[in-house]
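Labels run A, B, C and D following the written order; every chain starts at residue 1.
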Amino acid sequence: MKLVQFYQPGQGTGVGVVQGDTILDLSENNPDIETVNDLIQIAGTVRMSISELVDRMMNDQDEAVTEYAYDILDTVPDIAVPHLTLPIFAPEVWGFGVTYKRSAQIRDEDAQNTIYDQVYTSPRPEAFFKATPSRCSGPNAPIGVRSDSTLTATEPELAYVLGEEGEIIGYTLCNDVSAWDLEKENPLYLNQSKIYFGCCSFGPTLVTADSIDDPYNLDISCQIIRGETTIFEGQTNTSQLARTFEELNEYLYRDNPIPPGTLVSTGTGIMVPNELSLMDGDIVVISCPEIGTLSNPVMQL
Amino acid sequence: MKLVQFYQPGQGTGVGVVQGDTILDLSENNPDIETVNDLIQIAGTVRMSISELVDRMMNDQDEAVTEYAYDILDTVPDIAVPHLTLPIFAPEVWGFGVTYKRSAQIRDEDAQNTIYDQVYTSPRPEAFFKATPSRCSGPNAPIGVRSDSTLTATEPELAYVLGEEGEIIGYTLCNDVSAWDLEKENPLYLNQSKIYFGCCSFGPTLVTADSIDDPYNLDISCQIIRGETTIFEGQTNTSQLARTFEELNEYLYRDNPIPPGTLVSTGTGIMVPNELSLMDGDIVVISCPEIGTLSNPVMQL
Amino acid sequence: MKLVQFYQPGQGTGVGVVQGDTILDLSENNPDIETVNDLIQIAGTVRMSISELVDRMMNDQDEAVTEYAYDILDTVPDIAVPHLTLPIFAPEVWGFGVTYKRSAQIRDEDAQNTIYDQVYTSPRPEAFFKATPSRCSGPNAPIGVRSDSTLTATEPELAYVLGEEGEIIGYTLCNDVSAWDLEKENPLYLNQSKIYFGCCSFGPTLVTADSIDDPYNLDISCQIIRGETTIFEGQTNTSQLARTFEELNEYLYRDNPIPPGTLVSTGTGIMVPNELSLMDGDIVVISCPEIGTLSNPVMQL
Amino acid sequence: MKLVQFYQPGQGTGVGVVQGDTILDLSENNPDIETVNDLIQIAGTVRMSISELVDRMMNDQDEAVTEYAYDILDTVPDIAVPHLTLPIFAPEVWGFGVTYKRSAQIRDEDAQNTIYDQVYTSPRPEAFFKATPSRCSGPNAPIGVRSDSTLTATEPELAYVLGEEGEIIGYTLCNDVSAWDLEKENPLYLNQSKIYFGCCSFGPTLVTADSIDDPYNLDISCQIIRGETTIFEGQTNTSQLARTFEELNEYLYRDNPIPPGTLVSTGTGIMVPNELSLMDGDIVVISCPEIGTLSNPVMQL
């Protein structure tokens, strides 16, 4: 099952179920369900999976439900028209770094940075606090380049959402935008590199865990478009991940009260060359066949 | 003006005004004021300082107000009795590191870590995400030692609270408890060292900015008590800070949407020797004459 | 299934399931369920009855659940101890009048009041707005006698709670306390007779509709105790009702947006003689074997 | 000072200050002020009048504020465009009846109804529960005619809003729409006559008490327009009121917990002839020079 959240003029946020090219408005007949967070909470209370819960709600609709063409909602956010938003209001976003083999290799080429190699080979992964809702952008909303950064990189990643019991309830795509020059200057600047306005986009859908056959075999691709030109294309497959999600969660939850609905971005396997730092007006497109296409314009802050 | 928040059985959180050894219940006649956060919000709306606002409310009390002896409220949290809580529900806590001369020197003695020296001499300070409310402890509530840390240090610090316009509205004391061994193993483990359950205590009071003559001339002392013995005593003065708060804020707010009520801990000038890692049952006491005494027991997680 | 709401020091309201002499704390393992209103909302969303929903939650408890002896919770409200509260936070309470044969007869004896006879024989029942939550009292909490009334009567009634689709989801007992002298002076004073502080108590339990074999065959009894003496005893059976609940609902919902969780009190079949006007310190006890015993002291306002 | 509430696409409700033909958006620079209810609450907390509070907020605007032409906002509610809403979200609306001399006389002509005369001459006024927010309509929103009423009358009235201390904080116009045939059939049907969907409109502005020189000398007029024709015109002046507001409040608050922000409609001095029962499509226009013009279409339910 593929879920989205969307904004409707005069009604605010609603939950949609993606069926082919169409989005069904789940909130219309279920006014208490305004967000995917509401679904997670209720699913936990009634001991159902999200899919079971939504199926039950859709099979017993009292009335016909509004359908939107997916492409109509997949548009630049504007209060005058319905549009996709973040697929869940994640209270916290955490990221992991150096989780792909290629990622460690490239970073290793940088002078002085044996710390990445150490993390790559250590039992303990690099976990970092990435974002809060006010710093995140949904589909087609701008991601940011800090005013004091000259080397900001896109990091296209598979991300998962955690439920009330710490279980993975679904998957989405995340762009862990990072001011690489700050982190390179000094690893103690990690949070300044990672946490700022527009530092994180995710979406477009949340695919429930039971709809992903193998989360370790997902193709992820990324394009950066500047003006009329595609200046970068890259791809990876989550089979290249050197860590399991169980491993990541084991460290994430260790003595750490993670709220339900938290998004975890699993690290990037696509390294954009340093000379392609994001610039104002670029469009970054991240795709996964099972999840969809997340597109965000770049805004110089 | 010195404010506290406190819990009252059957009523939840209320705001108190400290006058000498006494705490006056401000919420009793002002049921819309349940938290210091409410005061900040309303002060912003009516364009008053917190002090002006509270003065106005207290000068026009309709009825006599309950008074508590400070010592009665300064007790171990228990739902059956009134007690102090965090002096504000800070939506985010940020920390700064290597802001005192002595701090940089000591860290420098550690092998391999010139990164601290670099930060100390660089224009850009080390800013890190420290905590959210669910990870913070108020007066007399336990602070934590991670189950996977063998060297967890107390870091006693002056902290300030930010208002709706980014102004400093008041000061408190903060214990930036840190799993030093994790950060030493690899600086990419910074957030795991800093963010976990019970990683941060602050309080006991929030002293409004207009009541602190010179925030750069405050004595801060710290004691660690193990069993019957004081195993550590240290002190510093904020005159030893190598950064101004304006400088810290300049970096903190740069392209970063900081919510009102955020707590900023300004770095420690008291370095506890590594051999005195916190242990279960220790009591950490941090004091500043202008702010009061923050005492927390240590809990092994 | 028999539900209660109860207050717990430091935790606020929770939902309990009555099993024999014991109350199981349903909220303990289900922190999102704080009220019976929450249950109604979620039951509507997942298309289950309240009983199904609660059964599902109880069969899949992760951990053992606290049990209270019913008698321990059935006590005078005090913030220091756990105690029963209203069994649901009904956003509105509506009442119906002259629904029992005997009620019409007695009122008929009063001079000038043929309006009661007219209502009794008319297709349209008397429906009146009775109370909001701030005017209602739960078990053992005081009911009021207006300062300007010299003839305030207890009206013991069966009441039902309405769900999101207008269905009856459960039953409880209601004391529709009424300043009879005001209404007798002029029927236009009806709302002043009916709506004031402490004008309505209900509880102690909410018995789900599927646990009541025949709501038109319930024994209801009432006692008024003054000092050591029972000064009044009366009883009726809901078989004496001259209206069906479908009939009452048909008029209640006619062009009228009734919020879910609304309580409907169905009129009294027990008429207390006028010379037994409630007095400060009286205890009014209303019982129904299927629902329990609702006891309230009387407070002169 | 004249206040309105208005809806803005994508932003929800905001507060506006009417200055001549213009409405200034007070919420734009004061995001914590979304409703007039918020103003009432904060004014109570800081011990200011609403006018003082708003003046203070407007004199210290950080940035220029959006202005709307009043006529642009005074339009049929549509989620696509900004428009006026109820001028306050009154948690309860109470009405008073038979408060004008003429009102008593006319009712007296009806057969059997000496109860109106009795109320008129009695110390105790007729107070009735009139509406909750879900039953109220703002400017240009439809008022209702019950499906079972054939004689529904408009009752144009001056109304006031109550503050946290029971003081009158401002005035507006109210249309106490009433299914007169139900009340005439039996006074026990009073609440069915008065309380239903669309039974009450009020607005368009809330004029603060300090801006009304003499609330007992206000001209109120009413027109009913059917198709192209004005089928009714009437006027009165509040000098014809036979009760003071202090008197009404004295009875309203007697042992009755009235929530702040409650609207009190003071009874009608304009009696529409019975043969002019409201019909679907009629427009009812109520005006007072100091308050503005409240216009509502009629909808047959």
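Here is the rule we go by: a contact is a pair of C-beta atoms (placed from the backbone, for glycine too) under 8 Å apart; a residue touches a chain by one contact, two chains touch by 3 or more.
This structure is a prediction, so every number in the text was calculated from the model and none was measured.
The interface holding more C-beta pairs in contact, when B-C is weighed against A-B, is A-B. The angle needed to superpose chain C on chain D by their Cα atoms is 180 degrees, rounded to the nearest 5. Averaged C-alpha coordinates put the centre of chain A at 33 Å from the centre of chain B.
Our note on geometry: chain B versus chain C, Cα centroid distance of 49 Å, whole angstroms.
Counting only residues that touch two or more partner chains, chain A has none.
Of all residues in chain B, those touching chain A in their complex are 92, 97-98, 115-116, 118-119, 122, 124, 126-129, 132, 134-135, 144, 146-148, 182, 185-192, 195-197, 251, 254-257, 259, 301.
Residues of chain A that touch chain C in their complex: 30, 32-33, 41-42, 44-48, 53, 56-57, 60. Residues of chain A that touch chain D in their complex: 9-11, 79-80.
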